[in-house]
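We just call them A, B, C, D, E and F in the order they show up, numbering each chain from 1.
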Amino acid sequence: MGLFSIGNMIIRSLFNKPATLMYPVIPRVYEEKTRGHINVDIEACVLCGICSKKCPTHAILVDRKKKEWSIARMQCIQCNCCVEYCPVNCLSMANTYTSPSTEKITDAYAKAAPEPAAKPVPEAAAPVMDAAVDVEPTV
Amino acid sequence: MMSYVTKSPWIIHYDGSSCNGCDIEVLACLTPMYDVERFGIINTGNPKHADIFLLTGSVNEQNIPVIKQIYEQMPEPKVVVAIGICATSGGIFAECYNVQGGSDKVVPVDVYVPGCAARPEAIIDGVVKGLGVLAEKRAAMVKK
Amino acid sequence: MSTLFFLILFPLVVALALLVLKTDMARGVLVKAAAAVIAAGSVYLAWQYFGSNGDYFKFEGEYVTYIMMGLEIAIAGFIFVLGIKYKKYLASVLVAIQAPIMVWFELNVGHTIEVQSDLFIDKFSIIMALIIGVIGSLICVYALGYMKDFQHHHHDQKDRRPLFFFLLFLFLSAMFGIVFSNNLVWLYFFWEITTLCSFLLIGFTKTQEATNNAFRAIVMNLLGGFGFVLAIVYMGVTYQTIELNQLLAIGMMGYSVVIPAALLAFAGITKAAQMPFSSWLLGAMVAPTPVSALLHSSTMVKAGVYLIVKLAPVLGINPAGIMVMMVGGITFLLASFIAISQSNAKRVLAYSTVANLGLIVACAGIGTAAAVWAAIMLIIFHAVAKSLLFLCVGTAEHNIGSRDIEDMDGLFSRMPRVAIYMVVGICGMFLAPFGMLISKWAAMKAFVDSGNILLVMFIVFGSAATLFFWTKWLGKIMAIMARQENIESKVHTEEIFVLTTLAALTVLVCLMFPVLSAFVIVPYLTAVYATVSALAISSGNMYIMAAMLALIILLIIIGYGKTNKKIVPIYMAGVNTGDDLSYNGSIGQTVSVSLRNWYMESYFGEKKMNVIGNISTVAIMVGVFSLILGGVL
Amino acid sequence: MYENSIIGIEPANLMKEAQKLKDEGYRIVQICANKVNGFELSYSFDREHDMKTLRMIIAEEDEVMSISHIFFPAFLYENEMKDLFGIKITNLVLDFNGNLYKLAQKTPWNPQN
Amino acid sequence: MGKRTIIPFGPQHPVLPEPIHLDLVMEDEVVVEAIPSIGFIHRGLEKLVEIKEFTEYVYVAERICGICSFMHGMGYCQSVEHGMNLTIPRRAEYLRTIWAELSRVHSHLLWLGLLADGFGFESLFMHSWRLREKILDIFEATTGGRVIFSVCKIGGVRRDVSNETLQSIIKTLVDMEAEVKELTDVFINDYTVKSRTVGVGVMSLQEAHDLGAVGPMGRASGLVQDMRLLGYAAYDDLDFAPIVETAGDSYARTVVRIREIFQSIDLIKQAVAKIPDGEVSVPVKDVPRAECFERLEQPRGEVIYYTKGIGTKFLERVRVRTPTFANIPPLLHCLKGCDLADVPILILTIDPCISCTER
Amino acid sequence: MDRLTYIIVAVAAYLILAPLAGGLLAGVDRRITARMQGRVGPPILQPFYDVFKLFEKEGITVNKVQDFYIQCFLIFIVITGCFFFAGGDLLLIIFTLTLASIFLIVAAFSSNSPYAQIGAERELLQMMAYEPMVLITAIGFYLVYGTFNISDVVAGGGPAIVYLPGIFIGFVYILTIKLRKSPFDLSMSHHGHQELVKGLTTEFSGKTLALIEIAHWYENIFLMGFVYLFFAWSAPWSPILAVLICCIIYFLEIFIDNNEARVKWQLAINTSWIAAATLGFVNMLVLYFIVF
């Protein structure tokens, strides 16, 4: 039984520095593993579309005609799924999050110049996607 | 004209149909590490006192009228901040039979805060962004 | 003196006339005319004797005493028979003891005593006469409309309104008699008539409950009457006087008059429904509302406190005084507590009456000039506000079909005028700057000065309770409910007239507060106490209070209900159906919101409080009487 | 590690079996419906970490007696099944009448209903 | 109508982080009847299994609830793994155990804060959540997320945690233990706190059993029930006994959860001491063909995962019986006869997770 | 300075300075509270920002009369303070304060809204809980100085605290209710989360809410004035001491606020009444022995 059981703790807090991180005055430093947003190395991308197919929220769109890889930032749930499935490791998870915005933004990345060599790869990947479960890249 | 709406934004938080990850992060914003009261933010819990409506989670048949009502009961100027992917687009639940989509189907959303779950820093940024909209709305109100 | 006789006899004549008049029309005309005459008479009386500091009149003619005795015997016989008929033998036993003693006294001692003055009038009587004359007759007028509805609701019963109005006017007559009598035998006669009238009025509806309550009332009042008889006998035998002013004079000269004072105070306590006798007044609620209003505001219970306040100079720090102040204090505290647990508006009013009478009794028990000042003020304000409240409740009851406070939801929208009057009445009962509160303030100061800390504790806690039960009622009425239909047009014009007058009176009396004090009460106290020390409340503060009231009225005129804001629905956790009255509840239902006040039965339950109150007051009375008797023997 | 013991029963025996388990000191821990051809209902009971599941298959139009009179908490699961699958459950202790969840689409697990 | 007050409580209500609605019928402030209404968060995610492959459904399972997120992922994976008879590496099981116990510490601290907030003890709320942030930092460092971890997958875990990091976790926990103790002592000793919890919402052992109470709710009434005793993941290697109190009131439930915080810290220490080196996942080559009931102990109590595979990459049925769902009948029992002021406390003492309940 | 000049100066000073001081006090309160909770907290001027913002909001109301009641609430709170600082009669002041509080309660009742109504009911209960002690405090001063007049009390020969230690403790106890601090912030809380949403103030918004806030500033300064009375007497340096003690008492209230859970109404009324009935009673008893 006590009436001022937390007294010590609050008096200590009163005279010590607050625990507050002071964001945004002091920017937050994120952990290396923090899942923030997806980066694409568009030049390395082969537009295979696996990421688009695997994305649980259908945030990623791959337009092969326009040679464009786009992500709806407001649909991405940072599950890291696309990164794990990407056959050419062109996707990566950055540790900073997408800024809030007044619009639902979609970031599109177009390949600078068409690379003919990239073309066969998606076709090679296609049968893999149809297989039952054997697409299980290791981390 | 100087407006005080940006100096004292009071929030109300309602959980649509989220996984409550974002809700917990909204609450975390109030706690010592993030302490949004630094910006004068108070979690009022009462739409009639609130300036900013923090909405998490997607909308469904049952909570649509509730969300509408909370929004309608807030006095002008008011801002809606949709927090998390579910609130912006329905997220991973978009294809569920009882999910109708993001909160913009029900109320006009002013700021979208991405993240699953949205980080406290993102929520703070989102609210700060909302303050700008709030000031604009206040200015428009004065003009009228 | 003729005015006094007129005021006593005129209502009697009207009463008899009403007994024979059978048509609504004739009754209406007569009651209204008589009420106007009585009110005018009492005002004339006030004007006539305004300058006097107490006039005493001797009445020549022994025959009156014998007529009274004859009537007393007849009444006793009547009660005796009724007691036997309804198997309420206790009542019969009590009259069977008391009447012979009185007759014996009259025949053996009474006629040997030379009575100096039978009647008198002073400023206190004037106040009482005004209360009876104005408020009492207003209630009679109100009763016209009310009883029409009442008869309509009970159309299967025989129309017994002639008897009803007979009793009302008889009551007024007896009350005038009480406040003008100096001769205690006369006083006792009128006293017994009020007892009888109240008995018949309480039992008016003739239901089993009404009969039971009527007998409870008469048993308790007869018990008090018995004390009265003993006091007269003791005085006649010991001091050779049966005059009230003589008793006071003897007492103030320093001789002990504790025994008659205690006995008379006891009679007053029963009539003023103090604990342990409060139950009769609660039982009286079964009677039609005008009866309640009459009993509570201007007659009956006021007779009790009138007698005690008259006795105040001989009370104070003596066993009789201590008995009176403690009984009053305890009653005030506990009755206020009980009122919290009641939802029946009339019961709330009843307990509030009991509590306020307790306060008056306690003030009288202290017996100082300041305390009596407070007591008289309380009597005035209580009479006006309480009659207003009772009549409002009566009107509301007839139109919304319930006298329960919880059914008064949205009364402000349904019956705006009645609701406003009710609000005025309620505010008048407990809120600054209305009179009641100022009187309470003075009472508190008197209590503190008296040095009785227990009483101080009673009043501070009792006030807190008072605040609670009045405000919650106030809140219930003031709640603005959406979508209510105005049903006020159904109210009789007589009722509205009376309510309006009473409401105006309530405000007026409060505004007149300083004047009333300076020109009526202080002179009375000066006459009684010779020296009046500084008043409880400085006149400056009284003016501040009056100014505050004026400010409130001004504010209401300027700002009430004026807004250009957008009207929006209320907050209901997001599930308001849009009509402010219901919400989308569980299991797919639309649920009506129901907002009810707190009653805290477990804290302030009627039963518990009554047990505590009855035991403690009985203990005090038994203690005091055994102390007095022990001193004598 | 424990085993999943699933015991097939006839729909008619449900009440009897449930009562038997109740008498043995079991309590209900979950009820699961699954739409196959008709409905497959699994009632799971627990006693000190030991779980038993009664399994029965009913036709779509069959009525099922509620076991909420034996196991009070069952009413929630049964209301849920009623809402989501449209299984006809009778004699519920507390019947939400399809209002446990307010759905845009009635009985989503059984669309043709 | 008498003296009965009828008001809506929720769905939007500041003491409820999640929407639930009660029709409260009260006399004075004493609740005589409370009729619940849920469904504000119902999404129907069990049905998503028809369009999400069983490996992908983990993402959905994790998002059943933001507080017990990890254990939902874990429960789903375990259920499928058992159905497939898939044995996962021991290190992965240990990591799952460590994360699960960290989740429990985080969840209980969060709950303590919410409870403090429920009875208006602001500073206690703030300090509870301040300490909780340290656990969240561990989560972020090891999994990359504060709330949703995304580390479980069928066949193991997606990220390894280095042994050095594990040691630093232990250090953090040891450092905060003293402060947690100081904080939890307030809940145990403070007069005003006890005035709000002792004797509030009493449930006897028999009632707890019959009403199906699970987790701390049941254990506070003396029901010895802890699914970790079944020995899933690494629990068969660890030494612990279920924490049981007998009073059955809100205070007992608080005490149970407080003691569990320290128990979890102890379990994490044991697990870190015993964790073997090795792989953290095995490849999945098959599809589920069997059904399986899997029972886990979440912070809120027992969760039952039922998965039924029919030999395709889509499961036929997933069902989650969440602890809060089981605890609703006990809640209704407790609400009868309490004060209005106790309603938030009682709703909180079952540690409700409405998004779990409604899925 | 003659009496009239003094009254005018005091009233003017109260009218102008009280909201400033009250707002500042609220700001400091929030800051200290935040620090006790390990946070940084809002700027000291935050309460003013809040009120200014509320004035900028759209005007909405649930009926046509509630604003009137709130305006009356503010007016009578201000009048109370004016009486107090002008050296008026203590009982008069207490009754005026009661009147003001009733206006607030009626405003809440008038909305006929669930949470506002229950808040009003609880506020009423709290009034019932503290009223006896407040009256006893006034009576205590009367017993010491033989007058209810504040101007005579502060001019008295010695600090009242010497005679009224019990009553002072009792008063500080109920001050927690009046300042709406935990453990007695039952009817409305300055913090967001409570079972009554915003209790009493649920239906007020915008300017009306701002008026309530301002009224509370006035009220708090007036209440601190009450504390001041216990420590003020004719000595020239006593005002400094008294103001210092007011600050300490306010800090103590913040400390208590951060140390306790919100209790239920039963405990609130029981303990307040017990405090009044014991501390007040015993203190008065002793005084009577001295006085009579």
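Here is the rule we use: a residue touches a chain if its C-beta (ideal position, glycine included) is under 8 Å from a C-beta of that chain, and two chains touch if they have at least 3 such contacts.
Computed from a prediction, not measured in an experiment: that's the story for all the values here.
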Contact-graph distance - origin chain C, target chain E:
1
Chains touching chain D and chain F alike, please list them.
B, C, E
Taking CA centroids for every chain, report which one is farthest away from chain B.
C
Which chain is most remote from chain D in terms of Cα centres?
C
Maximum inter-chain contact count - chain pair:
C-F
Chain A-chain B separation of Cα centroids, rounded to whole Å
23
Separation of chain B from chain D, taking each centre as the mean of its C-alpha atoms, in whole Å
40
Please tell me the distance, in whole Å, between the geometric centres of chain C and chain D computed from their C-alpha atoms.
68
Averaging over Cα atoms per chain, report the distance between chain B and chain E in Å.
26
If I count partner chains per residue in chain D, which residues reach a count of at least 2?
99, 101-103, 108
Give the residues of chain E that touch two or more other chains, as numbers and ranges in rising order.
5, 7-8, 11-15, 29, 37, 39, 42, 44, 47, 59-60, 63, 123-124, 126-127, 130, 133, 145, 148, 190, 192-193, 358
Which positions in chain B touch two or more other chains at once?
14, 31-33, 35, 38, 43-48, 60, 62, 66, 70, 91-92, 97-98, 116, 119
Judged by the touch rule stated earlier, which pairs of chains are there in contact?
A-B, A-E, A-F, B-C, B-D, B-E, B-F, C-D, C-E, C-F, D-E, E-F
Sites on chain E touched by chain A in the complex
52-56, 59-60, 63, 123-124, 127, 130, 133, 140-145, 148, 150, 155, 158-160, 179, 182-183, 185-186, 189-194, 280-281, 283-287, 312-313
Chain D partner, complex, touching residues on chain C are 586-588
The residues of chain E that touch chain F in their complex are 5, 7-8, 13-15, 29, 116-124, 126-127, 130, 190, 192-193, 195-196, 339-344
Which positions of chain A touch chain B when the two form their complex?
18-21, 23-24, 28, 37, 56-58, 72-79, 97-104
Per the touch rule, the chain C residues reaching chain B in their complex are 568-569, 571, 574-576, 584
